[in-house]
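What follows is a short report on a single structure.
We just call them A, B, C and D in the order they show up, numbering each chain from 1.
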């Protein structure tokens, strides 16, 4: 079981801020592939993964990062704070 | 007749903040030579002219600048504001 | 005195600047930066800032710690708002205190560059023509290269 | 809103920062810098700043005008004290407001670099071991080369 969080337009496209899922994905990219295969709204959110950032347990990571032991994955657009 | 002003350690060495003098100097350098010839305290103030800055009518200038028409000459060390 | 505050309520730039300077001890140089919502001639009615609670505090604290260490700051402060913010209102501020001005300026610019691109905030602009997420600028990402 | 104040009385950094930001209009970015007398562990009891009345206002105004033009500032402020100033007290501040942060930061650093070396102020430090004029630093003169 892993918590998956979405922010900004990723959240809007998927239509929810957070969900708890069961996955056998090894890497972030595997997890994204699983989500995209589920429903059109996930495919829309991850249509261009260069425009999506990922954090594992609240630390920035890469799509190639392994997710073993991770409790919280978050997907969001490039940040625009400041 | 020209007003000559001194600031900071130039003022302290010469011993006065301001004087009005009559001079036939053409350039700032000529004026300094006239002053240095006057008294030891002027020679002390202008011992190292690389350490002295000059302003003509409140605008920074050079020792080679002409002083014709100038009403106010000021001598001071490099500035240390801010 | 290294302080991070993520909050939805407004703050007073002047009051925070004074408190910061007072707490910064004998530092000769204090730099403060205030970021505000621009008006853009009525094109914008309100800005909404989303953030990632938990990660935000962690990311901003890490950025501030890095600045404090790199420039030997005697104090550092980041305040960043989230939620709805009207044109002209303060979005965020940073403050740095160091012995000399070069360090205080560099640290403040470093903080701003990293907060722009590495802290989990997202701005959405609401105007008469609808709402739009602010796009990240390439220039903001490139600004990180100088550090 | 381009303001130059040369004064012997103290000023409040917070109050001035708030007034400046309020008067700066819709600028997105405000940078303020505060320069204070450092304590230096008791080595300094008081600082005295001499200036050149008349030329000071003229020189500082020219420096501020240059910054406003070069970085298209919506507002700029310089306050510089003269006379006796105790450790920890404010010597001077600058404030800049621009559309984007890069311009506001660059203009504030430019102002500081030029005020250091081109505005007619001279600092004298009084301590337990006597009084000494602060020497100009080569680094301050070299700092001008970047502009």
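In the analysis below, a contact is a pair of C-beta atoms (placed from the backbone, for glycine too) under 8 Å apart; a residue touches a chain by one contact, two chains touch by 3 or more.
No experiment lies behind these values; they were computed from the predicted model shown.
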Count of contact steps on the shortest path from chain A to chain B: 3
Distance from the mean Cα position of chain D to that of chain B, given in whole angstrom: 26
Geometric centre distance via CA averages, chain D-chain C, whole Å: 23
Mean-CA-position distance for chain C and chain B (Å): 48
Multi-partner residues of chain B (each touching 2 or more other chains): 82
Chain C: positions in contact with at least two other chains: 35, 101, 112
Chains that touch, pairwise: A-C, B-D, C-D
Residues of chain D touching chain C in the complex: 12-19, 21, 26-40, 87-88, 99, 101, 104-105, 108-109, 112
Residues of chain B defined as touching chain D within the complex: 5, 7-9, 11, 55, 58-60, 74, 76-82
Of chain D, residues touching chain B in the complex: 35, 49-52, 54-55, 58-59, 80, 91-92, 112, 115-124, 133-136, 141
